[in-house]
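The same chain A turns up in both complexes below, where it pairs with chain B and then with chain C.
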Partner chain A sequence: MADTRDSISNGKAILVIGGGISGITTAIEAAETGCKVVLVEKEPFLGGRVTRLNKYYTKLCPPSCGLEINFRRIKKNPNIEYYTLAEVESVSGEEGNYDVVIKVNPRYVNENCTACGKCSEVCTTEISDDFNLGMNKTKAAFIPYNMAFPSRYVISPEIIGTDEAKKCLDACKYNAVDLDMQPETVNVNVGGIVVTTGWQPYDPAKIDNLGFKECENVITNVMMERLASPNGPTEGKILRPSDGKEVENIIFAQCAGSRDENHLPYCSGVCCLASLKQATYVREQYPDSKATIFYIDLRALGRFEEFLTRVESDENVSLIKGKVARVKEDPATKDPVVEVEDTLSGKKIKAQADLVVLATGIVPNTLGGSIPVDITCDDFGFVVSDPAKTGVYAAGCAKRPTGVAQSVQDATGAALKAIQSTLRR
Partner chain B sequence: MDKKIGVYICSGCDIGDSLDMDALANVATSEYKVPICKNHPMLCGKEGSSIINNDIQKEGVNTVVIAACSPREKMEIFSYDPTVISMERVNLREHVVWCHPPNDEDTQMLAEDYMRMGLVKAQKMEPLEPFSEEINKTILVVGGGITGMTSALEAAKAGSDVILVEKEPELGGWMAKLWKQFPKDPPYLDLQETGIDSKIIEVKSNTKINVYTGAKIEKTEGAPGMFDITISQNGNSEKVKAGAIVEATGWQPYDASKLDHLGFGKYPNVVTNITVEEMASKGKFTKPSDGKEAKSIAFIQCAGSRDSEHLPYCSSYCCLTSLKQAKYIREQNGDAKVYILYKDIRTLAQNEIFYKKIQEDEGIFLTKGDVVGVTEDSEKNMVIDVDNTLLGENIQIKAEMVVLATGMVPAAGIEMKEVAPVETEAPPDEKKEEETPADIIIPSDILNLDYRQGPELPSLMYGFPDSHYICFPYESRRTGIYVAGCGRQPMDSSACTDDAAGAALKAIQCIELTSQGKALHPRAGDMSYPDLYMSRCTQCKRCTEECPFGVYNEDEKGNPLPNPTRCRRCGICMGSCPERIISFKDYSVDIIGSMVKAVEVPDEDEEKPRVIAFLCENDAYPSLDIVGRKRLSYNPYIRVIPLRCLGNVNLVWIADALSKGIDGIILIGCKYGDDYQCHYIKGSELANYRLEKIKETLDRLVLESERVRVLELSIDEYDKLPGIFDDFLETIEEVGPNPYKDF
Partner chain C sequence: MADRQLIEPDLDFVKKVIGFGGETLKKCFQCATCSVVCNLSPDNEPFPRKEMIWAQWGLKDKLLKDPDIWLCHQCNDCSVYCPRGAKPGDVLAAIRNYSFMHFSFPSFMGKLLSEGKYLPLLLGFPIVLLLFLLGVTGHLNIPEGEIVFEKFVPHYIVDPVFILVSIFVAISLAIGVTRFWKGMSEGVFPSASKGLSIGDFVKSHVIPTLVDIVKHSKFMDCDRNRFRYLAHLLIFYSFAALAVVTGVVFFGIYFLGLEHMLPLAQWNPVKLLANLGAIALITGCTIVISNRLKEDEAKSKSTYLDWVFIIIVYLVAISGLLTEIVRLVNIPVLAYSIYFIHLVLVFYLIAYLPFSKFAHMIYRTVALVYASYSGREK
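Presenting the complex of A and B:
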């Protein structure tokens, strides 16, 4: 049968909600297949949580390497229309024909921006650096990080209406600063929708016994990634928060909130490998350091097992089966002290370290029904595939807690599902 | 058509304030006699870009040189149809004014050299003519299990015609042999039907899917968009055409006869998890020895998996399968006792809920421990010795039957141990000591590719032809062929169906891009392709051996036969060819060589050395852009040339540079080795290997080998770059000026 379509999707677009690794993958894969894509991201840049990672497991390679390729694919592909600082406000219609209203929040910098940085030079107000999870400050006229895409500055709403903003305006030679920018509404019609809204870390403050609130030197695994990143608050040096001391002795507490009826009953899927990875790069940076991982089960599936074997062979890494029961601070040294029951020996262990990393889990952003799309979620907020709701698909951590490779596989498949929906009406 | 070059210099972003713009323009107009050279304070703005567009439309400019910011910036604005307009970008911002002092002689010389290099490239670039050939859009799916059937259905639902080939007489694969599957849907507590029967009916009744059962692929010839497939079925051979291939050939259980230490083959009441599925469908869990119901059953996890003697990897599905089978047994007989002996229970994500539910069943006893042996007592009970248990001691468990949770072996890897890597044929005198490792290609009788490099996909690890990439898991070493499901890595059926849809999309995408003459990832959309000037070919076979994607076949005389639709446009063949006969219209040995020669080399007494830096455009080059953005400074004697891949480096460039008086050459590419980051798999490694040989060339020229350095750099190691350059220049200064300088 002859193919009479003028493009793979008959000219219809798909909507991708969320511009993290899953969302950009769905967008690029669909666009390179010939389908138009509208991509909506709430942050001022694309890439999502992976941009905040220092390395990927198990290759220990930087995420910016793959993102560079992906951003180039986006820049070169006219099929992709993307909006940053944007949210989907409403969706109506049915499979093959959805009317979507997108709200784009003001960036106060338009497409004229050349990323020359003059606005930031003159700006003296500092705000909490959201990219670094608030671990440091940044200028109120800023580029989120040094490889951010789009390569365009942002002016924080915090300084709008002040003289600081006016200074930014005056410093820009390219008419890129627009302090009168208002929220805009964009209307698009699409045939299929992919939800790739991703995740956020489980709030460690809710886990009372692990001392996140009380101990300065208890951090989370996502904070650890920022500490170790060359573009992080310490430019890649792993220094403990209380005194900036180089880390010599580090403890990882697995399942911090995960596999726990009081918090997240499910397994977050990535934290074992993430801690094994973090232990590896701490050991590389500080060859005399020691790392201990307290776990319930070590979950390194498939050929990731090889990575576990590699880490196990490092005599300065101890893997101990046991769940951390309590973390307290030694007031004299600010060292966190960890109480664990070693399930194998039955003994109670007390261990002291420079730094404790809580392997906190994954909470889907779809929890609590914050997205105006008709989806079915399980009790934990993950999107469930519902045969009655064709036209809307989820990929990546919106569906279940998982790592980058599986998210990308998933996102590629979701691109096809959404293209199929453009053909049905 | 005659070339008409327009040069457009931006004076914005500190460029105009830091450089003598007239002198810079003079390079274009006087030295290179360019007819149009214009200057604008904001070339990327509406007015600036319309100047260029105007000249294209009204002045007949067909070659555009933009001297402004990095080519990575404002791509969407400086975008022209490459079949009509050639474009070159000169990076004056990130690589010149942002990291070198303003209004300085050396900074100006740097900018002018970059202008010359850009101009000479522009002079030699030609508009692209996309490769066009009759493209067949059918998708071939090999394997009719859950993955293959899903791939076929998903592709068909997107409008593709599909050919599905299954070696067994029936569709369904392993899923059809399962009694139930573990919970996939909320509340994740109850076993579910596999649903395989309705899937088989759906496939069979889909008019876009042509199913061949009891069939195999005898031969796969051709290339993406034009594969010729020979299928044999019932003793007949049939030739079909396809555009792309999904390999969904699945897995086999690990051969339990190799697990005699666990009693398999020795004692009849030691069975595998596969046998338990058969028992479940019959409704009785009976001991093979006497046909009586087993009242106590022990599962031994990781039977052959996570074991350096057997399968070193985790087979991923066995924990959940044993939990499921424990439930089968308990549902069928509430008095039966089940033991599960594990290393770690690996129930990821929501599967944890099911594990939790199983733990609540008092009839199921789970313990961590190392199973050291299985024996039989006088009453024919199985006795399992377990060390290092959670109870803190070594224990013995008695059970009437033992189930080995055997793992997965990929269909592509079953023959793995029996074969050695495919030998590349090189004449004895050319056998190199520092050979890059040959690809492992296991003749597994799946695709039977008629490819010079071997009959199947290269194996990555343990016989899985998986992708090495985390961010690009469909990246395949054979363009247009995508592996999905358990053939790629061990996974459960939900993951298989997701993966199947992804592979189907990639197959469709391959066909769509190929039909437009465009490259696939990572140079998606590129319309250049290699052209070989065959009359100078010496049949040395380097291109056919070294291409990471197996683009080249060979005729009987050893001539390379390129298959452009297999090509990823990396240009590694360009670097491999000693005769320099492989060229792209916009990128060739001559073009880059001419850029090298365009650098002005000051006389020796000026004491201004010159160094060429070949940087991978994917990682090292963006990294140097960040150096500019951070306004870090480095030595101004460096002249950077971006390459598609470090593997493009042809040794003639080194010779050209040195004979021209260039003092040193530094090559910076991606990390290689087991955890390689090269987007073309082995480009940087090949460059390193080839450069090892450069010492001979240097000796011939009576030059010091310190003049050439090869380094690996990750994209996020930008802070190291200034030091790398400065350090190299120090070495060059120690070695002294190139003696060829004044010739």
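Presenting the complex of A and C:
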């Protein structure tokens, strides 16, 4: 039987759906004005996709410091009530008065957890590591990543009811493992809702000419971030999947799915800068390496142009105008070979590399109406502001493909709109 | 600034290409996916990306002198992978249509063939001509007795008509092809192997090209839609078979004095070949038409020129076969009427060859020979 309880924040509160960078920003900004906030996140930790980044463009600093500050602001603010492993089940009502039902899935680990890791030590079952996009395995009793907030282990439902789970229970000295945990239902009443459900990378397997399925050493830009991260599957060494060789020659294929009517008709907005960033950190990490970026157009708007100029000035980075339209694997070396027409010289190029990174684009999680909130979306699933639907707002990648800095600004704006819906007299 | 180039856009050309089925050409954003996914495109200056920008810019002169538009066999791999729905396959087809109409002689015929409103005129001409000839020779009636088509339309009426038509077609094509070859020689890909004797030219460029055509090897290189290969092969060989049949009968009548050799017996090898050709032609056309009807319009859309050509070919085949069947079941009025329709359609096919899609047979062959001669081929 599912437990049902009412939220402490019953009354005039804001609901934020999605605990990525936009969601935590909205929650904190609103909470720091004195408003109550309920933050719902489906993963077992807050921070979303940003936690999986190695570095931000264009400063090339890691996201950890910013996240740490935000987590601290959440921790010390009693106005924020957050739920991880949770999803909004239903929303009814109108601006100023929404009844929301939240389903919280069991973590099988309670607040007593000190993150000592004993449960994980005794656990032998391994599961795909979602945090590293399935690039490696992790124990079935795991902490999503070393800096996860809340800093608490998770026991995968896969081992519940087995001896493995009992081993975890016995290993825990703090009575933190609770194998009888059941899904909980939480009812809250809120005045305004902010949808910050973010995005997911476009499925590269759908782009059948770019060899993601066929070639071992073809990865995506989001996988690249994990490969390069110190807390990633290779501890920050950029090693190619087939043989663990350090990457010396890397190719970036821009618009892998984006600006393509067969896939995502829109520009994903961040992939050019992401590839410029990745080329920069590969070059810094391996000074003898070479990087080539094949593009249709390089989109580095506003002050980002300076960053583009900086990358261009590196003679070991080549920027070639022409879209990669075919990737095949050299069977002997497992090197991917890309085919492109260099449109400025009018010659077809067949370029071999250690690793090919597909700059896959942004798909909003709101695509396909998976969130039980009355929102209006465009043809691609991005939320559009609808004057007839006041009380529900969106921010960040739920609204448009965008980077971290702009998402944060957007989230601050959305916080104000939601506060107005909640406290307006 | 020696390589500075003055661009002279021909806006009327752009409009014409759009009118011939290239309406998507302005969607192209020059990513060059098309040049890569095309298995027929050479490594140096591949097509069709460059043709797309030339077409957008109205560079008619470059395109008319470009053999590459004919290297394309329109499998539409490019249009399937095009991220913009710019349909390079259809655009190249439109440029090809513009091209052969531009080179053809007399040029007003191209206009008549490319617009549906002139179709009654084009079909009406052979109808009136045949009726007139039959009338003045006193043959405007259904002959009595066994069905023998020669009793209705004697050789001395129909043959001179088709001989004159063939001479006209040959002259027209010779003029068109000469202009076309001259254009290509002055174009972006000037020929590299000048000073070749005619014998060597034929041996190293014409014969290998013809062998490729006979084998349909280019079609095999296209990834997509293997049915097109089969369909084109069937149509190609049925035309070859029917040409042989026509040749043998012509030879029999005029050189062996077998004036009354027709109709041939059903077991006669020549008759068997004719029947086989007709069935292959109908099968090929059926595949082409059903593929076109199934085609996703977002990837390729057939134009009036495409449809009118395949339908005429289809009707020629069907009316030919029907003529034979109705003759065998002995319904004179129907047999002679269908035979008349068949003659009119054959007239359309042959007389208007240089100005219809049929001309691709000649221009593509010439372009492929040129591509081989200039070292352009992949």
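In the analysis below, the second predicted complex is superposed on the first by the 412 of 425 C-alpha atoms of A that agree within 3 Å, B and C clash if a C-alpha of one lies under 4 Å from a C-alpha of the other, contacts with A are read in each partner's own complex, and residues count from 1 in each chain.
Keep this in mind: a contact is a pair of C-beta atoms (placed from the backbone, for glycine too) under 8 Å apart; a residue touches a chain by one contact, two chains touch by 3 or more.
Please read these numbers as outputs of a predicted model, since none were measured by experiment.
**Q** With both structures placed on chain A, which of the two partners, chain B or chain C, ends up touching more residues of chain A?
**A** Greater contact footprint in residues on chain A: B.
**Q** Between chain B (first) and chain C (second), which does A:341 come into contact with in this model arrangement: first, second, both, or neither?
**A** So A:341 only meets chain C here.
**Q** Is A:61 touching the first partner chain B, the second partner chain C, both, or neither of them?
**A** In the superposition, A:61 contacts chain B only.
**Q** Scan A:365 for contacts with chain B and chain C and give back first, second, both or neither.
**A** In the superposition, A:365 contacts neither chain B nor chain C.
**Q** Is A:326 in contact with chain B, with chain C, with both, or with neither (first, second, both, neither)?
**A** A:326 contacts chain C only, not chain B.
**Q** Please indicate which partner A:120 is in contact with in the superposed arrangement: first for chain B, second for chain C, both, or neither.
**A** The answer is neither, since A:120 touches no partner chain.
**Q** With the two complexes superposed on chain A, say which partner A:138 touches: chain B (first), chain C (second), both, or neither.
**A** A:138: touches no partner chain.
**Q** By the touch definition at the top of the document, which applies to A:259: first (chain B), second (chain C), both, or neither?
**A** both
**Q** Both chain B and chain C contact which residues of chain A?
**A** 259, 297, 343, 346
**Q** Applying the document's contact rule, which stretches of chain B touch chain A when the two form their complex?
**A** Touching chain A: residues 12-14, 41-42, 44-45, 69, 72-76, 79, 137, 154-155, 157-159, 161, 185-188, 208, 306, 312-316, 344-353, 356, 368, 388, 390, 392, 461-462, 464, 466, 468-474, 489-491, 495, 498-506, 508-509, 512-513, 520-522, 524-525, 618-619, 622, 626, 629-630, 670-671, 675, 677, 679, 714-719 of chain B.
**Q** Under the touch definition given earlier, write down the residues of chain A that touch chain B in their complex.
**A** 1, 3, 5, 8, 21, 29-30, 32-34, 56, 59-70, 72-73, 75-77, 112, 114-117, 146-147, 151, 173-174, 229-231, 235, 259, 265-269, 297-306, 309, 321, 343-346, 378-380, 382, 384, 400-406, 408-417, 419-420, 423
**Q** Which bits of chain A are touching chain C when the two form their complex?
**A** 209, 255, 259-263, 296-297, 322-326, 339-341, 343, 346-348
**Q** Would you pull the chain C residues touching chain A in the complex into a rising list?
**A** 29-37, 41-46, 49-50, 80-85
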